[in-house]
Every structure is written in C-alpha cells, then in structure tokens.
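Listed below are the structures to be examined.
Each of the two complexes below includes chain A, the first together with chain B, the second together with chain C.
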Partner chain A sequence: MSRAIKSALALVAGLALVLAPGGSGDCGRRRINVVKNRQESPADWQTEAWFGRKLAARILGNIPLWDRPAANRYLNLVGGGLALYAPAPGAVFTFGILDSEKANAYATPGGYIFVTRGAIARMRNEAELAAVLGHEIAHVACHHMAKSLGLNRHQDSALGGMAVLAGGATGSFRQAISQGLDKGLEILLETGYRREQELEADRLGMQLAVMAGYRKDGLTNFLKRIHGFEPSASRNDKSHPVWKIRLRHLEETMDELAKAPEAGRTGEDRFHEAFASLFDSDSVDAAGRVPE
Partner chain B sequence: MLLGASLNDAGWADDQHYVNVLVGNRAGTLGGAYTALADDPSGCYYNPAGIAFAPYRSFSASMNVFQRSVKTYEQALADTGGNLHDWQQESSALLPNFFGVIKNSGKGVLGLSYAVPDAINRRQRQSFHSIRSNLPGNPVENFTIDINDSDRTFLFGPSYAVRLKDNLSLGGTLYVYYRDREVVRNQLLRFEQGQHYWINYYETRQDWGLRPMLGMIWEPDEKWALGLTATKTFVTSGKLKQQTTFRDSSAAAPYVIDGITYDFSDTDTIYFSSATSHPTDDLPLRLTLGASYFASPRFLVCMDLSFNQADDGREATWNVAAGAEYYPADAIALRIGLYSDRANTPALSSKAVNQQEHIDIYGATLGLAVFSQQSSLSLGIGYAKGDGEAQIVADSLTIQDATIENLTIFLAAGYSF
Partner chain C sequence: MKFLRWILFAFCLVTALRPAGAAAETVYVHSRIAPLMAGPGLGYRRIGELRLGDMLEADRLESGWYHVVLKGANGWVSRLMVKEFPPAGAVKIGRKDKERLARHARIRPSSLASTAAARGLRAERNRSNLRLRTDYEALEKMEGYRVTPRQARSFVMKGTQDVAGN
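Let's look at the complex of A and B:
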C-alpha cells in the first residue's frame, strides 16, 4: 500500500475520531425485527428485575425510605399513572421516597424508582413530580442501566443473561454480581448515565407526562429551579449533563409536541396536600431544605 | 496457423471482474452494498468495523449459493455456407458461499468467517461442421471443443472490531487467501482432406496469500452511517503447472511458435511440453466507501462505491452498488439490490490481437427474509447481464460481440444467541 493511501486512511480515521460527536449509538440502525425482539423478551425483563431488586436494596442500605406512608402512597399513585404509558411491558414499577435532603432521583432496572424528599421539597406541583418520575421511568424503559452493565442476554459480559445463570451460582458468578452492583451504585450515585441516555430519558419522560395529562414544562421548570437553588450543582453533579444542554433539548422536545405550554394539569393542590409536612414554612429553610 | 484452431488464452481467464459471487445473506440481496451496514457476520467480509454494531452478542450465519452463468461469443465461427455460429460456455456451481460467527470479546467483537467470493465451473462442449479455414479448398469438416475449467477462491480468517465511541468503530480482518484452479481444454479439428489438428492443454494453479482488510464505520447521527474499507490481496506463494499435448498434420512445412520449431513431417509426431512456475501476482488495492440511510426501523437504503487500483494488466475500475430493505411486517424483510461489475480490462482495439475480453456486467437482486426470535431464514435471487467484446481466436484481429448472463439463487440461515 502506498504511503499516500496509508496517510489518507490515517487522516480519515483520525478526523472521524476527533469530529465524531458522542452519539446516536445504534438506535437508528436497529431494524424492527431486532427492536421487537428486544422489547418482547421476558428473559431480559426478568434479569433486569432480579438485578434491580438487589440494587434497590443497596440504595436503601445507603439512604433509608422516608417514613411517611401516605406520601409514599401518593407517589405510587402518580408514578403508576405515568407507568401505564411507558413502553416497558415487562417492568413492574414501584416508587419510594428516600429520606435525604439532597435533590435527586434514581431508577434501578426492572422498575424501582426513588425520589428524595429534598427533590420533592423543591417542586411546586404534581406536574413537576410527574416529569421527574417520567424521566426515571424512561431510564428503565430504555434499559439504560442494563446496557451500561451488559445485563441482558444480547450482551456478552460477566452479567449477561443472568436469568439463565442464576440457577447455578458459582463463586465467580457471585463475584461478578457483586461487582455489577457496585458499578450500578456508582452510576446512580456518582458518575451518572451517559449524556445521550439522560437526554433520551428527558425526552421520553416529557412525553409520558404529557400523555398522562400533565403540563409539558414540568421538568424544565424543575431544572431551572434546581439550578437557581444550587448554582454549582450542574458543575459538580455528574449524574446529569450540563443543565443548559438539557434545557435546550427539552425546549426542542416541547416545540415538537403540539400541546400548548399551559395545556394540561398541574395538580398543585393534591401535591401540596400529600406533602404538607414538607411545605410547612416552619420545617423548610431558606434554601428549601427540610431539617433531619 | 489455422483460423479457429487456437484459442486466445487471454480471453479465457476470469480475472476481469471483481464481483463474481455476491457474499452473505443480507449483503447479497442488497446488491453487495454493505460497507456502511456490515452489522452481522458477513461484515467480516464487507467491513469488519460493522460487526461492532451487531445487535446480538453472538451471531452465526451461513449461506449456500447456486449460480449459473452463460457466456456467449456471438458469430465466432463461419461455416462454408456463410452461416455464423456462436460459441457458448456454461458454468454452474452449488457451493457453501459463506459461514461466519461473531461474538463479543473483551471490549470488542471477535469474528471468524469463511467466504467464497469467486467460483467458476465452466463447461463448453460444442461441435461445428464445415467451418472455413485458411487452407485453400480444405475447410474444417468437424471442429470439436471441450472445456472443463474450475476456479475457486477461498477466504478464511479472523476479524476484530471495537467501538471507539458510540457512533464510531474500527475493525480489521485478516483472511488467508487460497485459490485453486484447474483448466482442461481439448480441441480437435478434422479437415475435409484428412488432416487433423489436435491440442490438449491442462493447467493447475494454487495460490496462497493473505488478504488484510481495514474498515471503519461512523454514524454522524441516528439516520446515517458511513463506512470505509481498504483491502488488498498479497499472494505469497503460487504454483502453476502447465501441460500441452499437440499434433498438427495440416501443416505443409515446419513452423515456429515461441522459439519452438514444430515439424510434423513424421506422421507419428506428437509434441508434449510441461512446465512449472511459481507466480506471485498480488491483486490490486480496493477502497470502498459506503453510506446507509435509516429512514425508519422498517426502511433503509444503502450504497457502496468501490475503487480498484490499476496494476499490471488491469485498469483502475469503479463499481457501484445500491440496495433497499423494507419490513412489511415485524418479522419479514424484503430486499432489493442493484450493482455493477465492470471489467478491469481496456476496451478492445481493432488493431491489436490476443486482447482480453471486455464485458461490463450489471445486476439486480431480490430477497426475502423471515425472522423468528433467534433465527432467520433468507431466500434470494439475482440476475446479471453483461455486454462487451472479445477476441477469442489467437493472433486474429477479429473481434466478437460477447454477452454474459448470470442467475444466482441464495439460501441462507442466521442464528443469534
């Protein structure tokens, strides 16, 4: 091969590597037979639910549930309404409030969704809560954790096809599970999902909220408020992309939805009634934090 | 020499085209436009970078092909009544054309594949009567030609691909190249005045080499994928054995060919020659650029543009292929492809002799694939036609019109796990 051709190939490869934006993944490439095959695979959902339960237990080992049964029932009512519209036929969604003043929300595979009371304290209405829950439901529906860890049967990793392997748990398998759970917890609490996964969850989450009858600007309003409360959060919190990028994508998604911004319900009264203790002026400090 | 008594060897080899057999199940029915797709085991052959985009962690595929080809040299011989006769060669082969398996390994995808990109089983058995000759008043009473050629190229070896980013992959394939050729040609001419001319030629050739391929795929967005490959075949060892048995009782006087004097004044004389050589002729570099547009999960279109570099005896050659795939139902895919297979030889000149034939071929493919959860079954059909020129008679300025028609039937299966 001549030197010129070698150089040209190296140049093309180098340019592509440098210029290629983090990307689209291979969603567009997937044909309908593959998409259907994956959506309708009970084995994958069983695998994810099995792993998700263990990961949820670890989360609860770090942050306990907020002991307010009525508030948790309300959360499940709102979340269950959204889950009806989720493209996740094999998931069983369960929602819980974590007793932490930090504002965050987490989803584990199979449908375990947590939101902190600190996040709820920064919300203004049910539409914002629905938007946050919709975002987390979307992480589950899009199998983001499963893809990151290689959980399903299409991925060749130590954890791939766990449902098949779980019956004959060996020492090396248990070690792989333990490492997988550590990695999952790291993604949820520290490193975060990949940027394109967060943007995908934003988009689908908004669509779920709108389909459930809520205003479409719930997540946008919440993110703006979070940014206002904690200006440094977008820089330090690696679990979410820079808030401006998310807001821009959310606004593009809102533009694509024909619904007017003011259309849809906010559910403000019901929200404040359910979380009255959080919004009691005596129990919320100036930054919106609830004392322990 | 007698008119029609010797074939132009240059016109009988079959190295003038680069797309002799379409390889791979999905790729074959897309006309071979697979450089930007390549996300199944046949990606090892078309673009190893593509296997990094395979939707399953393990995937195997096999394919069988039946190919029938008819090549016609029009009006090649004239009889004493002024009628012109075509020469016609047929080739048919049923062969396992591809097997490949890919599997996630480490941070990338490992592949192993076997492909037969070229397979010919050429036959010609024809007899002609009262053919004109250049012996005054002594036409050829009976001309019998019998040809049995087989020529197959095998590729087998590993591939590996990694995704450097979600939308960018690099891959390589290192094929072992093996070509096995056997040529048997027998011609007998009997003249009205009793003389005869007989030549039997036998050749075997085995080439071993390496065919590395480098490829990349880049998806600038969800709808588009671009692929690029470079490949070249290096023949590291070759063995060519040639045997010729020859008798010509029509010659009135001794004559010289290639420095050898042929004297048939003794009626029992038969000339026999045998030679062995070790040619190592590399094949030219090929660059292919492909693009795919994923219009929806049910519909895509793809296109390849390939360039084969010029080298000794071959001209630089461009080919194009295009394909489309549509899913009328979730588990059924229809595919269509168009492709060119242009000759790498120059157009024939009316002032030269012993020129290689020049036939540009254009083909179309149609395929149907049915999927279950973990397997697929595909059936395809291809048709190609080419028109051009040839010069099949040695040392003659006469040029014949030549046509090629190819019919191919594909049967393939895939299994993912």
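Let's look at the complex of A and C:
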C-alpha cells in the first residue's frame, strides 16, 4: 500500500473517531459521552437508600421535622409528581418539612428530600416549590452525594464496597460509614456540592418542573426573592453557588427551554391552602418567621 | 488494483462523514414517565408518553433531544430521561435494615469518638457529637407521608386540568 493511501486511511480513521455519534448522556452533561456511562445496579441504589436514610435521620436529629400532616402530605404530592419524571429508577422519594427559619433545602442519596419552613414561607406558589424540589430531586438522580463520597461499588474508596451492606459490618467498615455520614452532613449543611453539580441540578430540576406542567421561572423567581431578603446570607451560604453565576446559568437554561410553554401553572391557590398557617399575616413576619 | 483502492478510500470517507445521528443507538427510559414530543423541545406538542424501561432506537440527537422510534411510532425524548443501559429496580429498606441501622447508631458514637481522640481533635469531637444525634421516630413519621406514584400522578393531572379549566 502506498504511503499516500496509508495517510489517507489514517486520516479517515481519525475523522471517523471524531465524527462518530456517541452514547446517551447523564443528567446535565452537554456533550454526549465518549466513555460509556457505568451501568447502575440495584445494589448501587440500595446502598444509596441505606446510606441516605441514615443521613436523613441525622438531619432530623439536628433540625426537627415540622410535623404538620396536611402540609407534609401536600409536599409529598408536589414532589412525587416531579419524581415521576426523574431519571432515578431505584429511588423512593420521601419529602419532609424542617422546622427552621433559614431558607434551605437538602437531599440525601436514595431520595430523602427536605425543605425548611423558612424556605416555604418565602415562596409565592406551587411552581416555586416544585422548582426547589426539582433541584433536590436532580441531586439524587445525578448521584451527586454518592459520587462525592464514593459510595458505589465501582468507586475506589473506603465506602466503595458498601453495597455489601450486611456482610461488611466490621469495625473499620462502621468507622468508614460514620465518617462518610459526617462528610455527607458537612456537604449538606456547610460546604455544599461542587458548583458544577449545583448547576447540573438546576438544569435537570427546571426541566422536571416544566415537564410536570409548571412555569419555568419558578426557581429564578424564588432565588431572586431570597437574594433580596438575605443579601448577607447569600454571601455566607456555601451550600449553593454564588447567586449571580447561578442566576445567569438559570437564565441560559430558560433560554434553552424557550420553546417550552410560557403558560405553565403556578398552583397558587392550593399552595396557600396547604400552607395557610405559614401565610396567615398575623403569624408570619416579612422574613417568613413563624412564632413558636 | 488502483481502482479498488479508490473504492476503499471512498467507502471510508463516506462512512466517516455520514451524519452523526445516522447510526441508531439503543437507549432505555429511566424515568417513570417521559413525555414523547413532536419535536426536539418541551414547546412542541406532547404526542405520547414513554414508560420506565421502554427500549428505544435513537437515530438522531438535536438540542439535547433524541429522535426515537418505538413500536413503529416516532417522536422526541429528552436526553436526560434515557440512558444506554436498562434501569435498575427500585429498592426498599426492610425491617432488618432498620434493625441494623439502630445497631450502628448505637455503635457509631464510640467509634467516632475514638477516631477523634486518636487525632487529638477535641473540638472536632464535640462538634461531631452534636451531629451524631439521630431521630428515627421523626424519620418514620416523615416516611408515613410518602405518596404512591398513582397518587402523585393524579395530583399532577388535577393541576393540569385546573389550569385548562381556567
């Protein structure tokens, strides 16, 4: 074979590699993957559910549940509606309201999702609640905590073998779990997820809300209001990326969803009905604080 | 012989420069419901619904949406709803797991305290002790508020109907 033809074939092979279609994507990644996504197994989801439940119990040990049955039931209906569209086949989603004035929301692996009473008090409608819950559901669907802690089987970490739940109850194993829970709580309450994970959750969460029929601007409206309420808190809150960057990213995502119908629902009436005690003008101040 | 080489070269060139979406790829739905749209975006008409585990042949990717074929019908599904492997099943935490959780909850403080002590981290230990508090009673109460997918679906549909009714 002549040198020219060899060169031509090499060029063609290179082009074929560059231009060949890839596989499907994972959560918010823009580019279809060159390396195939690692297959999820039931054991991975079981590991996450097991760990996530322990972490949820710790959250509740530090911040009490706001035990209003009707409000919590409504929260589960809104969240459950979004979860129908979540690419998280092994998750069992459970939603709860935390009795805290601070505006925040948390998700643990496997599907335990919390939103604070203070966050709800600052919302105006169901679309905003759905946007926040969608964001947290996206953290679960994208395995953000599991990836950060190395929970799943294929990950080379102290917790990587946790899928063998029952068989691994050695002292060092328990210690690894304990430290993993500490680290998980630290991520949720202090350091936050990595910025790209937060932005990825924004993107998927917004899409979930729109798929469930809500207006697409729920999260931006809520974040702008929070930013207005608590400029100092926004500087100190490390659990979410700097507001300006996040808002810009959200605007871009909304542009990508430009073809989405503007007229999604807001669900204002049933939102206010479910959280009537939070919005009674006599029982809540401007910052959403409810007397004990 | 020279002619054959040219044929081979042309074949390789055509293969390399074919449209990126020309080769079909098998993907699976990973959400309970995935809307099937008439075009690549949520603004297009919703023409159907795909279900968890549906196997699709995707032949094109455009603006984050796959053009897919299922049982002869075709439409567009969001790239975020599908993956290239079948979905894993949902899991439940059983009673044995709960018992193990309680056992671990009792053991954990001592193991963590010893770790902290070994490192000489008294302040860290104090902070950790605060965090070691768990509330499984509240967690079980919270789990009692969980709804079924059918109930959630009905709630979503009712909201959509309310909007349509207005």
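The rule is simple: the second predicted complex is superposed on the first by the 245 of 292 C-alpha atoms of A that agree within 3 Å, B and C clash if a C-alpha of one lies under 4 Å from a C-alpha of the other, contacts with A are read in each partner's own complex, and residues count from 1 in each chain.
Going forward, a residue touches a chain if its C-beta (ideal position, glycine included) is under 8 Å from a C-beta of that chain, and two chains touch if they have at least 3 such contacts.
Predicted model only: the values in this text are computed from it and were never measured.
Peer 1: Check whether A:69 is in contact with chain B, with chain C, with both or with neither, and answer first, second, both or neither.
Peer 2: A:69 contacts chain C only, not chain B.
Peer 1: Which holds for A:196: it touches chain B only (first), chain C only (second), both, or neither?
Peer 2: Only chain B; A:196 stays clear of chain C.
Peer 1: For A:271, using the defined touch cut-off, is the partner it touches chain B, chain C, both, or neither? Pick first, second, both or neither.
Peer 2: Neither partner.
Peer 1: Under the stated touch criterion, which partner chain does A:61 make contact with: chain B (first), chain C (second), both, or neither?
Peer 2: Touch partner of A:61: chain C, not chain B.
Peer 1: Answer with first, second, both or neither: which of chain B and chain C does A:222 touch in the superposed model?
Peer 2: Neither partner.
Peer 1: Once the shared chain is lined up, is A:106 touching chain B (first), chain C (second), both, or neither of them?
Peer 2: A:106: touches no partner chain.
Peer 1: Taking the superposition as given, does A:51 touch the first partner, chain B, the second, chain C, both, or neither?
Peer 2: Neither chain B nor chain C is touched by A:51.
Peer 1: Spot which of chain B and chain C makes contact with more residues of chain A, would you?
Peer 2: Larger number of chain A residues touched: C.
Peer 1: Touching chain B and also chain C: which chain A residues?
Peer 2: Chain A residues touching both partners: 1, 5, 9, 12-13, 16, 20-21, 23-28, 30, 32, 36-37, 41.
Peer 1: Using the touch rule from the top, collect the residues of chain B that touch chain A in their complex.
Peer 2: 37, 39, 53, 55-58, 103-105, 164-168, 170, 214, 216, 218-225, 228, 230, 232, 285, 287, 292, 294, 297-298, 300, 325, 327, 330-331, 333, 371, 373, 376, 416-417
Peer 1: So in the complex, which bits of chain C are touching chain A?
Peer 2: Result: residues 5, 8-9, 12-13, 15-18, 20-23, 25, 27, 30-35, 39, 41-44, 52-53, 58, 61, 63-64, 66, 78-85, 87-93, 96-97, 100-101, 104-105, 107-108, 111-112, 115, 128, 130-136, 138-139, 141-143, 145-149, 151-153, 155-156, 159-160, 162-163 of chain C touch chain A.
Peer 1: Show which residues of chain A lie in contact with chain C when the two form their complex.
Peer 2: It comes out as residues 1, 5, 8-9, 12-13, 15-16, 19-21, 23-28, 30, 32, 36-37, 39-42, 44-46, 49-50, 53-54, 56-58, 60-62, 64-65, 67, 69, 72-73, 75-81, 83-96, 110, 112, 126, 165-166, 169, 171, 174-175, 177-179, 181-182, 185, 204, 207, 210-213, 256-261, 263-265, 267, 270.
Peer 1: Report the residues of chain A in contact with chain B in the complex, numbered from low to high.
Peer 2: The contact residues of chain A facing chain B are 1, 5, 9, 12-13, 16-17, 20-37, 41, 153-157, 160, 194, 196.
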